[in-house]
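Several structures are given next for inspection.
Shared between the two complexes below is chain A, which pairs with chain B and chain C, respectively.
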Partner chain A sequence: MNGWLAPKYLIWLLQGFGMTLGLSVTVIVTATLCGCLLALARTSRTVPVRRAAALYVLVFRNSPLIVQLLFWYFGVATLLPEAAMTWLNTSHAVDLGVFKLHWPSFEFVAGWIGLTCYSTTFIGEEFRSGLSGVPAGQHNAAAALGLTPLAAFVHVILPQAVRIATPPLFGQYMNIVKNSSLTMAIGLAELSYSSRQVDTETFKTFQAFGLATVLYILTIAMLEVVLVAVQRSGSRATVRR
Partner chain B sequence: MKINLLTAAFMGSLLIMSSLAHADRLDDIKKAGVLRVATFDSNPPFGFVDPKTNKIVGLDVDYAKAVADKLGVKLDIQPTNPANRIAFLTSKKVDLVFANFTITDERKKEVDFSTPYFASGTQFIAKKGTLKSPDQLNDLRIGADKGTTNEQQVRAQFPRATIVAYDDTPFAFAALRTGNVQAITQDGPKLVGLLANVPDRDKYEIPAFTISNDYEGVGVPKGEPRLLSVVNDTLTGLESNGTASHIYDQWFGPKSRAPLPRLFKIGDPQKS
Partner chain C sequence: MNDALSAILSNLPYLLVGTFPDGPLGGAALTLVMASISAVSSAILGLAGGIGLAMTRGVSHLILLAGIGFFRAIPVLMLIFWTFFLLPVLLHINVPGLATVVAALSLIGGAYLSHSVHAGIEAVGREQRQAALSLGLTRWQAMRHVLLPQAVRIMAPSFINQWVSLVKDTSLAYIVGVPELAFLANQVNSRLMIYPVQIFLFVGLVYLILCTSLDALATRLLLGRAQSAEPRVTAPAVAIVPSPD
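This part shows the complex of A and B:
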């Protein structure tokens, strides 16, 4: 414990934190979309679709995330043609006038795909439990009112299912933030990676990992706050109706 | 008279004793006819036990043999490990240490070093033809081991290079194989060892440059200038008559199990 970290290393940690946030947000968006589709597929009336969805859950939920990440980063890379790998590993930028949009590194893409595939299974199952948590009477009532199956789903079933699924869904989002630390194994410079980097260069182990821990806890706490806010606005909306 | 004779004899013996005390290690070695040298016994190809003969062989042993031959004495090898090298010298258990002994300012406080006879440093493995000169590093993605000095050196010297750090060297090499990085970095001798076990090693090469340099010299006890100068003269002599490069090629040459280009010759100016 000799002093605080030099500004240079604080910047490293903040850059890593930015990467963790960026990765988590993109994964949350894609995994939520894919999770919706997965939940629909699992409750589909077509048997092959239901089977395929069940198989997907079986494969991606029952193997360790670290192995999946290594698979996407090292395994898939060997399957891709050399030209594709060269393209993925050179930087590409789209000039949008005000700022440049950079194509992310292959580490990011692999981490994003790996985390999305893994988290989709959990989020999909949360949605499914939300859907099955809506009482059967609601389906019947919607039908009795003359709503088409689609309209019944969108206006009656989905809002209730989302409300049931919201708290466990946020639990999964918190898991995504924490799981993103595993991408350090495939060389993605996120928060855990940069805290280790700072530790090996400065030998200020406590400060490096301590700050990383605090930043993770802050992120989770922010999600918690958002959850409470969403629940409050949700209940107010019901009252207004 | 008689007393005088005794005194003279006493003085004489004192003189002999003091001259014995002043006789340096070089004379002791020549008198004993044996040069005692500490080498590694499990660090191929520098010093290791040959399973066929059960004797310690290696690059360091060959250089030690050359020094013993120059002095015209027998060579007596004593196995050591990295931690014991300085203690062996200061406790006079051995006369010289030939054990991949990197010259550092810290160590120079305890022992003297000869002129360097081997150099290693941060080097790279890349697919054949992709990496020719250090300037290219700035535009490449480079795999490194987390927390190594190699990683830090690349970052300091090539700020525009993209460094991807992995948990260990096999991971970094896997990333090179799949094309995620275009080169990986480690100490030259370690890269050679890594490449020796790769089935398709013909596809890769170790470009002939280093971006940092560690120099290995012979450890000589403090306060033995004559011994030190004999070792230095022998080493420079080995370079000028071609023996040094012959010894190198035997362990690191193109036909050896672990080929590593010879970038440093004895007597070359040292780069930092």
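This part shows the complex of A and C:
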């Protein structure tokens, strides 16, 4: 309980925090894109597409994230051909002049795919409830103005749906940040993993977990601030119109 | 594939109940036990928190809100770490992994449910409260006999969602070595080495069956009865409450 952490361990924790942020941002981007597609598939007019999307949601929503991550990490490794696995396990870098872009570790890729597949179901459902929250009159009004179905969707329905879905969407982004802690089960060196590691090395349990907890709360608070800013700018845009 | 099937079948009793008759309970049965205990305690905490949010004003309201916000902002895993690794250091007592996970899940589930309960009470409406008060009921009586019975129907979907996600979240006990389903699955996987795909697919399926049957059962028990008791209740409107997870 005495003293603060040595700089070396602080750097470990910050590196872990960087990993948590990097993983969360990549998952947020891909899960948002896939979630849009999923919401469209669930509202599709083709029955097989709608059924397949519903099945996807049922399966990925009702099994624990940790089992899914273990599946992607241990299971897929045996399914892929040997050559692909050795390629994934060796390091690759793309030289972009100013900085080098490193291909991430297999742990990161497995965590990224696992988190994306899991979060897509939740984000897709938020988009879907956003879409169904737009009153039917808006569809009819857009059609009456002579807009094609696509133009009506892009210019009339989507902006309103996004506004309805924004607060729950940010709730899901917060869940992604929190759920990224589970990737420590497959050995990704993110914030929870590094706080556990600092704890075993220094026995300064309180400081290690305290700092990690504060960093998590800061991230969630930042997302909350972004949400308020987005909502403010959105409401100003409506007033101007 | 047949070898994988027979490998899973020979490990099936172990995955479902652990070493039960001879040793402690484990596997899917332990998952269910943990989920049930944390479901009950998170429901109690959530009711207390929600009523607290509805009854308090000013500073005490803000303190309560901050406490609930804390549990909503940190990952379950972090809370498990706090109780599992810190309590022994601070209090020199050994906390069993099972208890820490149940405590963490109850606190976090309770924090989420507090907001659902509060929202349910608010949704019943100011008029009901004022009517109850003008009939001479005290604030507690109004809450107990007028507001809560109506709010329960509005809150039911959130409770069901929370319970389903509790079943999934018990798998976090894997991290602190509690022998529940996910932990045993990983154990069996490292023992057999060659069937990771089949084992994790099978375990995922077991969780899927647990979660969907719990969802269906709870919906029938909570909403089915409420609907037959009062057919005017508009169930579809509350069925799309976003899940807290």
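Here is the rule we go by: the second predicted complex is superposed on the first by the 241 of 241 C-alpha atoms of A that agree within 3 Å, B and C clash if a C-alpha of one lies under 4 Å from a C-alpha of the other, contacts with A are read in each partner's own complex, and residues count from 1 in each chain.
The definition used in the following text is that contacts are C-beta pairs under 8 Å (C-beta built on N, C-alpha and C of every residue); 3 or more make two chains touch, one makes a residue touch a chain.
These numbers were taken from a predicted model, which means no experiment stands behind them.
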Output check: A:106 vs chain B and chain C. Expected answer is one of first, second, both, neither. What do you get? first
Greater residue coverage of chain A in the superposed arrangement, chain B or chain C: C
Check the residue A:58 against both partner chains and state whether it touches chain B (first), chain C (second), both, or neither. second
Looking at A:185, would you say it contacts chain B, chain C, both, or neither? Reply first, second, both or neither. both
What is the contact status of A:220 with respect to chain B (first) and chain C (second): first, second, both, or neither? second
First (chain B), second (chain C), both or neither touched by A:197: first
Which partner does A:86 reach: the first (chain B), the second (chain C), both, or neither? first
Take the contacts of chain A with chain B and those with chain C, and give the residues found in both. 74, 77-78, 185, 196, 199
Of chain A, residues touching chain B in the complex: 73-74, 77-78, 82, 85-86, 89, 105-107, 185, 187, 193, 196-197, 199-201
Residues of chain C touching chain A in the complex: 70, 73-78, 81-82, 85-86, 89-90, 164, 168-172, 174-175, 182, 185-186, 189, 194, 196-197, 200-201, 203-205, 207-208, 211-212, 215, 240, 242-243, 245
Can you list the chain B residues touching chain A in their complex? 141, 143, 146-147, 152, 162, 164-167, 171, 174-175, 177-182
Flag every residue of chain A that touches chain C in the complex, lowest number first. 1, 58-59, 62-68, 70-71, 74-79, 122, 125-126, 129, 132, 168, 171, 174-175, 178-179, 181-182, 184-185, 192, 195-196, 199, 203, 205-206, 209, 212-213, 216-217, 220-221
